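Shared chain: chain A. Partners: chain B in the first complex, chain C in the second.
After this line comes the complex of A and B, so read on.
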């Protein structure tokens, strides 16, 4: 079944209450943050808290990540070395600017898989692209390692690197967003859009999430549980889309059974890209438990 | 007189715990526990603290715990961090 990554909920790894409550809100993914949310003098404390949390808490169906500190800081490698034996499998690498950044983490994970006798390739990477240089290198980053399950776009640091500010309409991000999602799709991995920080602006949030979906992103990083419902609504196929997709797939099976190469739905011929899109809709619906036999997302 | 190694970790926020340790191998281990749920879970809290200290090889000194309803994982993590800091061992 396709792993949905519609929402990646950031949770600071120094708040025990937020950490054990996070799965209650049912995001697709939880990202425990050891980087920007943690002050320099609390890095050790947050790391210890996350290690003990990983050993103790059942996160249910949520895919769990840690946003580690960059490997060029004194903290990044320590984060990884402590989190792997605690059972963490997914690492979000911030400030990824080149394929070498990914390869450095890849090599560390390979060594740790060997040290802890884990299956080779089990540990995964999400590369976070947050600078002008990272955006330019997105295609090379997205294909740097078979461990990559996706790349994400971070607008806050990106606008800083571009000497500009985020606007409500997001023109300053359009090319970068498009480039990141194009690189991810060409590499066959997920693309995760940046956070939206204006928590009170529901209309603006709705508009931005819709744009991210339209551009081809798989989901969005979120900073508050209240944002999850909107993202899931927009990124989950509607009932009529699911029914239509099911009819296309049924027609394809019927055509195959009849030895016919022509698929017809409602009197219209359907070609291969439409069938593939229909299959994607059904994969998303299945991942969200919206097909018969599953519950509602 | 040499000052006993001192370490502190945690907060007084809800669901957290503030742990302070003064390590002194020449003194018996003394644990002071203050908790909003001491009546209900005091013995369980003490068990978590003493087990964690034992695993860390702490045999003597004074440990002060101010608990604000923390779960076991948070208590363990805060005790580990406070002891590590007192030992000056684990770099950030």
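After this line comes the complex of A and C, so read on.
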């Protein structure tokens, strides 16, 4: 089944209560943050806490990530070395600016897979692109390693690197967002949009999530559980979309069974991109448990 | 040694308490038939021109014939801004009177100033809905009173007063506004608190009723919550209340994501019950998840053009908004929680004041609680039998209030408890609650962040939930899930001394509170 990454909920790794509660809100992914949310003097204790939490907490169906510290800091490599034996499989690498950043983490993970006798390639990377340089290099970053399951865009650091500020309308991010999502889709991996920090602005959030979906993102990083429902609503196909998609796929199966190359729905011919889109709708629906038994409608 | 018997929820209850008499163990929510009412309104007379104005609280108490052994009642609409209980009891102590039973509708942490009067024997009995703060800790850990505290629900208290179980010698009415002839309302003056619902039984049934106000208004007060016909004396005294502690500006919906999640799940359960239809009725507490349920319900009512008949209980600004939006036809209000509710009860005839007896007394000819469709309740603990504790912490110390919990649970068609599975390191779903306030037979559904559990006795509800696609879990699963994280909770260490009796709304005893060893 397609792993949905509609929501990636940031949880600071120094708050045991929040770490324990996070799965209850059923985000698709939880990202335990060891980077920005943790002060320098708390880095070691937060890492220790996360190692224990990974062993103790039932995360249900949530895919678990850690946002490690960049590898050029004294903390990044330690984060990875402690978290791999604790069972963590997914690493979000902040401030990715070049394919070399990804390769460095890739090599570390390869070594640790060997050391801990883990299946080769099991450990995955999500590259976080957060600077002008990173955006420019997005296509190369997105293809830097088979471990990459996606790249994400981070607007806060990006606007800083661009010497501008985030606006409500987001013109300053438009090209960067488009470039990141284009690079991800070209590489066949997920693209995750940046966080929205104005928690009280529900309309603005709705607008931004809709735009992210329209641009082709797979999902959005979220900083508060209250944002999850909106993102899931917008990124999950509606019932009529699912029904229509199922009819297209049924028609495709019927055409295959008849040995016919022509797929017809409601008397109209359907071509291959439409079938692929329909399959994606069904994948999303399956991932969101909207199909009975998680299987065919 | 007093003989103990097991009541219908399996709690050992003394059959007799020295100084109180025989006790009736709880038999079931509607199993106890009341005896004949023995309260008779006292005869009174008044001559034209006779003034009720009295210079001081002391003089009023003297006029009422205050003596050792009497019962003085108070109401808690001033909440934690109430100075009156403390002022009156200071005066009682100064007069050298002892052995007083106080019957406030609730005690707050501000009443810790009563502790010296309890230690010195001025106060020897307490009958109340709840106790909070230091005074609760002292009463829970030291056996200071001559007879155990009686914890009564908001319906059980007027039942006790109107039936004569509690004979009030002097009712003290803290009046936000009053005229010189004793007409009282709660909507004017610096201490405006809105409804005076809890004080009405007191004023009606007490031998003497004293009104104390810091806001004397010209005769006649209008509107009138407590009429002149019930009032003996009027005292003007400064400093009876602190507006800061009485009401908040406006009650807001929680932003706590866990409380919102639980509320959303509760709303799904309420909708799946099929009870939300035209003219349905609703009540919810003001705390966290409870009020947030109203928020989710509101969206559904708007989208489906549903208008409810009434919302009741303690009323806050959020429910006022729903009234003004036309989502409820009426509000029935025993206690206003915020300024918006006070303003509304003052100006909107569809926002009605109700007495606590009208609200929840099971032994009158019909109370509002028995007309409720949906009741959303909180819980300090809930056990696998669905019994609920809202009075003691898991450490055994009194920290809450019975309130209208058991009244509305018994009366409503759907009594739904919303609670997180954990508070801090403590599990909320347990094998046995520390103290039973509401029997499991009255609770239909428990909603936690980890799932919805239906009382097995409500097979009809379980079927309806299934038909409507609402997944449920067994309450045992929730308990086990909690215990997997917290371990089995330890029971409080208590002695055999009974420091409190939890009275069910019908006057029977549902549980005892034992002295805690700290």
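Simple rule for what comes next: the second predicted complex is superposed on the first by the 293 of 297 C-alpha atoms of A that agree within 3 Å, B and C clash if a C-alpha of one lies under 4 Å from a C-alpha of the other, contacts with A are read in each partner's own complex, and residues count from 1 in each chain.
The criterion applied here is as follows: a contact is a pair of C-beta atoms (placed from the backbone, for glycine too) under 8 Å apart; a residue touches a chain by one contact, two chains touch by 3 or more.
A quick note: this is a predicted structure, and the numbers were derived from the prediction, not measured.
S.K.: Quick check for you: in the superposed arrangement, does A:291 touch first (chain B), second (chain C), both or neither?
M.R.: neither
S.K.: For A:15, decide between first (touching chain B), second (touching chain C), both and neither.
M.R.: first
S.K.: Return first, second, both or neither, reflecting whether A:45 touches chain B, chain C, both chains, or no partner chain.
M.R.: Once the two structures are laid over each other on A, A:45 reaches chain B alone.
S.K.: Once the shared chain is lined up, is A:198 touching chain B (first), chain C (second), both, or neither of them?
M.R.: A:198 sits against neither chain B nor chain C.
S.K.: According to the stated criteria, A:276 is in contact with first (chain B), second (chain C), both, or neither; which is it?
M.R.: So A:276 meets neither chain B nor chain C here.
S.K.: Using the touch definition from the top, say if A:238 reaches chain B (first), chain C (second), both or neither.
M.R.: So A:238 meets neither chain B nor chain C here.
S.K.: Check whether A:111 is in contact with chain B, with chain C, with both or with neither, and answer first, second, both or neither.
M.R.: Neither partner.
S.K.: Using the touch criterion from the header, give the chain among chain B and chain C with more contacted residues in chain A.
M.R.: B
S.K.: Output check: A:224 vs chain B and chain C. Expected answer is one of first, second, both, neither. What do you get?
M.R.: second
S.K.: Counting contacts the way the document defines them, which residues of chain A are shared by the two interfaces, the one with chain B and the one with chain C?
M.R.: 20
S.K.: What part of chain C is in contact with chain A in the complex they form?
M.R.: Chain C reaches chain A through residues 255, 257-258, 260-261, 449-450, 485.
S.K.: Which residues of chain A touch chain C once you look at their complex with the stated criterion?
M.R.: 20-21, 24-25, 224-226
S.K.: How about chain B: which of its residues touch chain A in the complex?
M.R.: Its residues touching chain A are 9-10, 13-16, 70-74, 76-78, 80-81, 84-85, 90-92.
S.K.: Give every residue of chain A touching chain B within the complex, in rising order.
M.R.: Those residues of chain A that touch chain B are 15-17, 20, 40-41, 43-45, 48-49, 51-53, 55-57, 74-75, 78.
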